[in-house]
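What follows are several structures.
In the two complexes below, subunit A is the common chain; its partner is subunit B in one and subunit C in the other.
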Partner chain A sequence: MKTMGQNSKSKRRLALTVVVVALLTAVPGVLDPETSYVVFLLFSAFIYVALAQAWNLVSGYTGQVSLGNHAFFGLGAYVIAIGWSRGLIGYLDPLGMLLAGCAAAILGILVGIPLLSKLRGDYFALGTLGLGEILRLVTIQGRALTAGPTGIFLPSSSFTTIVPYYFMALFLALLATGVTYYMVKSNTGLALVATRDDEAAAAAIGINILKFKVLAFAVGAFLAGLCGALQAYYVFHVEPQGFFSLSWTIYPVLMCVLGGVGTLTGPVVGAVFLTAAFEVAKYYLPEIHPIFSGLLIILVIMFLPNGLVRLRRGRIVRNPKAA
Partner chain B sequence: MMMTLRGPRLMGLSLVFVAAMMLGLPTAVPAADKNEIVIGATLPLTGMLSMMGAEQKWAYEQAAADINAEGGIYVKEYDKKLPVKLIVADNETDAGKAVAAIERLVKVDKVDFLLSDSTLPLVMPTAVAAEKWKVYYHATICLLPPWQEQKFKWSTDYFFDGAQATAVPFEVLDTIPEADRPKKLALLAEDSTDGRILGPIFKEAGKQYGYEFDYEEPVAVGSKDYSSQILKLKSKGIDGAILFAGSGDCVTFVRQMKEVGLNLKYLHGYKGTWGTEFWNALGQDAEYILADGFWSETYPYPRAEEIGERYYQNFNKRSVSIGLFYALCQTLFQAIEAAGTLDGAKVREAVLTTEFKGTVMGDIKYNPDGTAVFPLAAFQWQEGLLRRVYPFVEGASPVLIAPPWDKR
Partner chain C sequence: MLDFIPPIDILLQLLINGVLFGTMYGIAAIGLSLIFGTMRIVFIAQGTMIILAAYGSFWLFNLWSVNPYVSILIVVPASLIVGSGLYQVLFRKVAREGQFPTLLIAFGLMALLENLMSVVFSADARAIQTSYAAYALTFMGLKISFTRLMAFVMAVAGTVGVAFFLKKTLLGKAVRAASENLEYAMLVGITPHMVNTLTFAIGIGLAGLAGVATATAYAFDPFSGFVFSLKAMIALALGGMGNVVGALLGGLLLGVIEAFGAFFLSGGWADVISYAVFLLVLMFKPEGLFASGTSAKP
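== the complex of A and B ==
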């Protein structure tokens, strides 16, 4: 049962969340979306927030380190590209995006059952890593269906403004965070965390481990598929190298690590921080920015292994007087 | 009370951090105070294509420095010469990042024009981005048919014609006395966008010149072992080949050719055999191997030799591509002057209607559909230098047949 203090804290958090979301909603009205780069930067950050939450759910809360997010991301993009180029779905079509997410989730279930029942730890990570490579090759060899290595071009004349993309990305970030929050706070979340902490103990108390692992994997895949779909709508050219690029997995992982794995706000903080930091590095250090980015990641892992959101909490523990 | 950095508070602080960082980025000069022409380019300065990106960047910078040394470009609209400010953004050889870089160039740097990215997988999405933001994009290194299909209104594409480019090996082979020519040819095109597009065109070109391929198979990108493929070539008695692959793959392929004892009288490499790095990796084993190239400093065109020498003085190596990028800038600068404005649509129109004389690629004329073509050149490694063997214009050397490995 929640105490009054906890209730008050929850209300304060909810109020702050509402304020932040309201401010973000107002951004395209305050800044000119056609000329302001901040709008695009936030659009990118929102997609990374959703991708980072998708990974966080599977790896942070369930303990199954997946390196296959880019497979689901790419699949979602290809569902949009194939569907739109054949007139089955339209421009920024919510049904198309739902279809993309569902296709990724179904793949997540199909792949998740054998992988999650047989593989653990590093082996599971390597298994999921292979999934992206398989899909990349399948799309390269896909002939007319996927337009091979050239990829599928979509009608860029449909684009009029970045505003709908901004709000859809914001919605995806909120959806991913909300779904993660809901799952973590429900019995499902307890089962996921129990599985992460001690599989044998969780199984012993009657938790169907495989079911919960596959559920988290499928939900993560669904969210990644949605992100791929939106990116496809934005880039208007879906091709294997870019959409099945490992960076769609690695960056969200780094964002989670930076912000705090297995926390709700960690991926949000990590995604926003790294998107901005990488951007500034690219601007001021165009030829050596990977060195800066790499250094930043090394420093974070060395000095903040638990992520930014646990930074102050760690200090409190080390300094009992402050507590 | 000890405040903890958790929850929405930290999220809010992160957003403030983003805003602060973005405010730190430079802001553009208002149009009314225009005192320079801002030209942007997103290039692969890191990642797989960084070697190409570095050459492209160098050539763009040289062209900008040269025009600025002359006082800039005269723009009638402002009745003065405006210097060129070049801004290059790295795309890490990643299409998604290239699109993001275009956004930054357009919205933060407020570029007036965009210069080309590198290769089709990067040029096409950036052309789409230019279309979205209605900024004129002066493109190259993108195969023409896929670009033409899109009917872009805000870009143009200057590249070789696939039919001409794939006919080069056969035109060169025709110059070899018939008795010395290879009898059995193989086509080895890498399993990539360009390889898959060009592969069938090579076959078609061969037919037109009376050559058939006795063996053809895609080459895996990034493979460390081509020995089984090479053994197949050996068992079929192949003595000539066209190899379309990246630099590292070409090096591996030739090394394993020698190890297995496959001697090819004629090996025409595309994409991966022209770089000095190819020679450095193989040394004498690179002798007699042919390479494609966009340009040659031996072309009899104004400043071609000078630009080539400048590059050599800087990097102690030769390039077969910098002239293309330099000429791309020359045509853009001339078009801006001809248009007399920095309006992208009008400059594109000027690109389509101007006859560009005396560039380092020779004279250039664009077609009404926005394309322009140049002949792809061919070179052969002879005594550690790339000698131009095609086109057969002033300064071309005769092609040499490769002797067996033990006699090289």
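== the complex of A and C ==
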């Protein structure tokens, strides 16, 4: 939880956010988006920020460790691919993306109600892991609808410049952070954190824990679905292996842990830092960069289990149950 | 009316194939079950450790012509050492930090090993080509592959060995005590780190055995470990977490479900069915289908 009060502090924070967002908005104007690597780097960092916040809301604040983000990410991508290839959705169509997000949210509610009412802790994590695998296998078997293991090729001639992607990803990152901020600041946030810290006590004081868990899960799914939709527009080829890859869950989780789980700024810091680290590794160690990524995950957990944000504050209070 | 039901010998053949393949899931699940039971670590890298051991056996055979069944004597002790080393280096510090740090370390280890293996050993699928690899026993018209039967025997022997160790030896009792209630176990003088090191060693030792079995009977590549781990988790959910014999039975059941699913539908849908069964069991019978009163409860 954030410390309450200190109006000046929150004002300073707001001012800082506005300045950072203004600077980021100016980036494609200052740097040439056709050649600059920075624009692309920020684009992928923004998507990861949004994905990391989606996981943070469900697992960091509500304490339900989900390993199913990639299921919602992939579903969002497939909604776009199926809709666009049949002419139902346009190129970079905001309504189409909204549809993708809603489809993911509906799946989140449908799956969330039985899973969250029945399963706790590791069992819930394993259940959500199974969800991603089921969707991957179903899309492989989907014949004409999903074009099987080769996936759907989208008209890549639509691509002109990365600039709209950049702003959409920036918007997604801001949306995810804003939604998380809003939910955590409101009474909903108190209910979520209470559910995380002591489920029995939260239920005893009259919190409908299932409702709040499912709400957080559905919002997380919605955000992940939006990210998948944007990624589908960017890649122009939606196939099961790449879009239902567990990396879309594990990397955001790692980013949250690196930055600080259950904090608002942690996932942002972690996502930016790790995206940059992975890109540097990809550039300098093209052959062995996945090895490096694996090693990095291990090192982060062993030496920075509480996250960079808390490192600065020097706060190492952890509730073992919260993990 | 009952035309869709194939003759009984095909059904029996499917059952045998399913059981033989299911033992691979079962033996991987036992390792996961032990590690989860004592440390609450979802060790998702188990399948990748099995593949690593399979490469060990493969190279011993290809470079020095060591018979794969003899290579058990090298691979399994090496796995025991690697297992205790893994615990000491990676998990000792974070073992009680809750589940997702350890899950992430296991995932990191998996990514590290998968890619290391694909760089060093190449991503080609491998299998040990012995003179008897294609040999099959014929029993009442049913075909049983010799190497797969041996894999089955190894898995059963491994399970019996571990079950015996847990039931009869003092160290095994310490492991069971620690997985039932760590605080009480500490009160009677059991050191958690000792138990954890031992459990990890046994878990990875079983991965070594499963690796040799895999290398002799099936084809494998550096990335087959992850699906192996997932299937082992399904087997574990079917059998009940922290239940050694249940884990093996869960593996056999999963193998049979897949064999029948693949025959009646198609290979791809068989996997969907196994995940659906997994979710249903998790939801409606989370203690597993074979839970008994005697073994450690989740």
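One rule holds for everything that comes next: the second predicted complex is superposed on the first by the 308 of 323 C-alpha atoms of A that agree within 3 Å, B and C clash if a C-alpha of one lies under 4 Å from a C-alpha of the other, contacts with A are read in each partner's own complex, and residues count from 1 in each chain.
The working rule: a residue touches a chain if its C-beta (ideal position, glycine included) is under 8 Å from a C-beta of that chain, and two chains touch if they have at least 3 such contacts.
Please read all numbers here as calculations on a predicted model, not as lab measurements.
Superposition of the two structures on subunit A shows subunit C clashing with subunit B.
When both complexes are overlaid on chain A, the residue A:Gly127 reaches subunit C alone and has no touch with subunit B.
In the superposition on chain A, A:Pro94 makes contact with neither subunit B nor subunit C. Of the two partner chains placed by the overlay, subunit B and subunit C both lie in contact with A:Ile140. Contacts of A:Val280 after superposition: subunit B is touched, whereas subunit C is not reached. Ranking subunit B and subunit C by residues of subunit A touched puts B first. By the touch criterion stated above, A:Leu119 is placed in contact with subunit C alone, subunit B being left untouched.
In the superposition on chain A, A:Pro290 contacts both subunit B and subunit C.
Legend: residue contacts after superposition of the two complexes on their common chain; A:Gly242 is shown touching subunit B, with no touch to subunit C.
By the touch criterion stated above, A:Gly178 is placed in contact with neither subunit B nor subunit C. Overlaid on A, the two complexes show subunit B and subunit C touching the same residues of subunit A, namely 140, 287, 290, 322-323. Subunit C makes touch with subunit A in their complex at residues 36, 40, 42, 90, 93-94, 96-101, 103-105, 107-116, 119, 226, 230, 233-234, 237, 266, 268-269, 271-272, 275-276, 278-279, 282-284, 286. Every residue of subunit B that touches subunit A in the complex is listed here, in rising order: 2-12, 14-15, 17-19, 21-22, 24-25, 45-46, 88-90, 92, 94-96, 99-101, 103-104, 107-108, 120-121, 124-125, 128, 131-132, 146, 149-150, 191-193, 196-197. Those residues of subunit A lying in contact with subunit B across their complex are 13, 16-17, 19-20, 23-24, 35-38, 40-42, 44-45, 140, 148-151, 153, 156-157, 159, 231, 234-237, 239, 241-243, 245, 247, 265, 268-269, 272-273, 275-277, 279-280, 282-283, 286-287, 289-290, 308-309, 311-313, 316, 322-323. Contacts from subunit A toward subunit C in the complex involve residues 59, 65, 114-115, 118-119, 121-123, 125-127, 129-131, 133-134, 137-138, 140-141, 246, 250, 253-254, 257, 287-288, 290-291, 293-298, 301-302, 305, 318, 320-323.
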